[in-house]
């Protein structure tokens, strides 16, 4: 972990979907630290600095997968191979990746597939059997679905508009899957409203799971308090972004509200 | 044994959360209180909401960090909701407020004084916008005006928080005392400092400059507490680079009646409060001290 | 490639020994020059000899040390014997002088200017006796008087060494420039700071207060160089917490044309000069810089 | 090595001679560092702080041996068992203690026997045969002579007034010894005028040796420059206090002059 930005060059850019790109850069695991799936980095494009999940943990290389939704992310989308960015981290409490030989369900919505890709890639190598629910609004927004299939995951595509795979939300798809199968454990990342739905389903099914949350971040090192959530006060950047289901229960604002850069709730 | 009293306010131990660290929500402040702090100081807030500076707002340096968060806060109306939710039983709750004019300060005092035990005036943030923070605390006249205004409006004790970034801190300290401050806390972050990334030849912080905090500022904080202790009669709260009970003892010997802890939470977690309380109690028992009072200012004895 | 020029004085590289570190004898300064420094600044000396403060005069703190040596020196007559023995060929020799009055400074200038390439005025030592060191450099009027007196008496360039322990360093910097300083060096030690030993409840230094130096003061030094670079037109020498070539690049990007190195010698040995020169040359080659000049102030570009 | 004073209690005080006392205190070798013979510590009595050689390196215990010659040393002599002092260090470049099975000559004059005691005690354990010249002005000022004899060193007592052992200076005694024997190596500590004499004798006899020097000290950590010696500029507190004979040759001020607290030569 490093707390001042390390300048790296973008070595590769993959156009994943019309709105999502993946950026690769070298990362000396020995000197900079080896991240665990579920951890994130702070990306500095010399205009702003924001959190991005680690989507791929390769051999002395990391990748982030960025959805263009505003000023910063659109600036990132303008980057070319060879451009520089600053990276610090990795930060946060990642996914529990100690499972072996288990039956696991991984659910990712939209760019929430980024950290799901990291944990699934890891757990497949450890001999787990993994069903992935890869959800997106439409076919060409599906993320990491093919590559995870190639790795050996059993991917259930799912689009809001039914343009590919299951037609409907990730929640519906998950409910369907649970009719026939059960799982030892689950991992979930996506829009909070989706995660809230999934949470209710998995709790009812009695499946323990980890959820990766997002909140506005400034320091990412647990000091500014910007990312603290009610009612326990936990910091998303330190105690999170990943929480077990029993902790999610104590995050009373989960699925309800969050705070902007000023701290105003919305 | 760890009890301390400042301006009639009882603290169950001398440790508080410093302003601006995990102090934006009632939730996180309650967590800090559960973790052993005797009191909490809120993030500094103003009348209106403010988003603060663009990121990067913090960067690590040798022995600490520099930050220019930029006094982001949701405004007093929203902040009151948080203050109301803090568990005040057995704990001291302090609101840190900031503004640019005497009126802003007195309005803020009126808004929140019912909800808190004390009010700390942030006239010392070294990276605040012009007219705010240290622009007040680096000027005796402005300090006097602001402190007087806050004091006049207040029924609870007023703490003036001092910046070390002045030619002579004792001058400002005496001014604040004259203006009616009941207590002084010191120091706010040092400098400001700057970190330049040499690969891209630019300052890392979007604000370029940021205040230094953490271990490396402790000698400066100790020195300031020591000097100010000899210049004023009101109680002092020590802040700056406190990581362990030894540091707390050093501040108390220098003249502090209580301390605030900020950056250590980043490195040591919220557990730092419990750890320090334990160590402090052990030390006091070993040395035969029966109260914090007995230790305040001991390093000033002529031997 | 490493050459730099300050006020017409050629340095074979931008590294100098900082005042007060191994700078009391010609022998040790010659050793430093052999070890790769492009120049040396002597220990600050005065008209008459002075024993300095009683020990302890130094104590370690997080990220550096605090010291209150107290400007000990054998007086100008003895010091001239040392200056005469410094090997000046290819090296820049700078005398650091101190005093309390304009007359003292101009007498010192007259005494030594034939023996040195530049003269640095210590108006910034934070633990000097009343009337000396920072008591001058914390006051615009005094700074102006002293710098003018030295400048008037001098045929060699005058460097004013600034203290960071002021409310606004750019104000003093501009004053020194107005008064005729040819160059500014910054920063002298920070604070002062204090270390209290908690087993015996007393400040460790006999002078109680001492100036902080070493790694932990670098962000403050960088920030000051950056600010002063935007306020004056004369060249700057950066000092404070330099340990490696990365630090040197940071200072140059902030606006320094050369740097001085002190406390690093304690941790890294005199080899620090050669190591930095090597690293700096490698960096410049990699980045395609052909001179130090090309790098000065780069962090100020608006992008 | 520690660079801020550690407060210790005096656990034992030995009246060695009318003017010399030894002070013992506990020293946790693991946390504070284990000194080598020839290294020194800075002793803080809360009024001043000055260098003292380490005279004994025992089991988690150190001892210094102090001659009362002025204000500070007389304050030390007033200390009682249980009193506190501050100690930092250990500092400096000590003696080479890697010899085994050699024939060694150790020469100590006055309180210069303090570091000689440390190195001789160490080298005797390593199976070296050691002749010690223990010199003092008079019989009851002889230091560590008996205890070194008990350890197995062959001690040649030597007093200026002939009140015990050889009558004359350490130089004369050494010259005598060298008539019958030769040595693989020598260690020397004492007044500089004595060391200068010994140096000439040993150089002539072709015996390599290490000499422990003293200069006025302030920081003891190699920064203030107070202890630098001509013509190489070496710091007694870092490159010294112990120097090999070939280096002594380059210390042109050796035996000639030194500098006081202001830096004035005398």
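For reference, chains read A, B, C and D in written order, and residue numbers begin at 1 within each chain.
Just so we're on the same page, contacts are C-beta pairs under 8 Å (C-beta built on N, C-alpha and C of every residue); 3 or more make two chains touch, one makes a residue touch a chain.
From a predicted model like this one, the values you see are computed outputs, not experimental measurements.
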Going by the touch criterion stated earlier, list every chain that contacts subunit A and also contacts subunit D.
none
List the centre-to-centre spacing of subunit A and subunit C in whole Å, with centres computed as mean CA coordinates.
51
Separation of the C-alpha centres, subunit B versus subunit C, in whole Å, is 33
Please compute the C-alpha centroid of subunit C, do the same for subunit D, then give the distance between them in whole Å.
36
Hey, what residues on subunit B touch two or more of the other chains?
61, 195, 202, 303
Which subunit D residues reach two or more other chains?
46
Touch graph of the chains shown: is it line, ring, star, complete or other?
line
Every chain pair in contact, whichever chains are involved:
A-B, B-C, C-D
So in the complex, which bits of subunit D are touching subunit C?
2-5, 7, 42, 44, 46-50, 84, 86, 218-226, 228-235, 259-265
In the complex, the residues of subunit B that touch subunit C are 61-64, 66, 138, 165-168, 190-196, 198, 201-203, 208-209, 212, 215-220, 222-223, 226, 241, 246, 249-250, 253-254, 298-299, 301, 303
Counting only contacts in the complex, subunit C reaches subunit D at residues 20-32, 43, 49-52, 54-61, 65, 67, 69, 72-75, 78-79, 195, 197, 199-200, 202, 204, 206, 262-263, 265-266
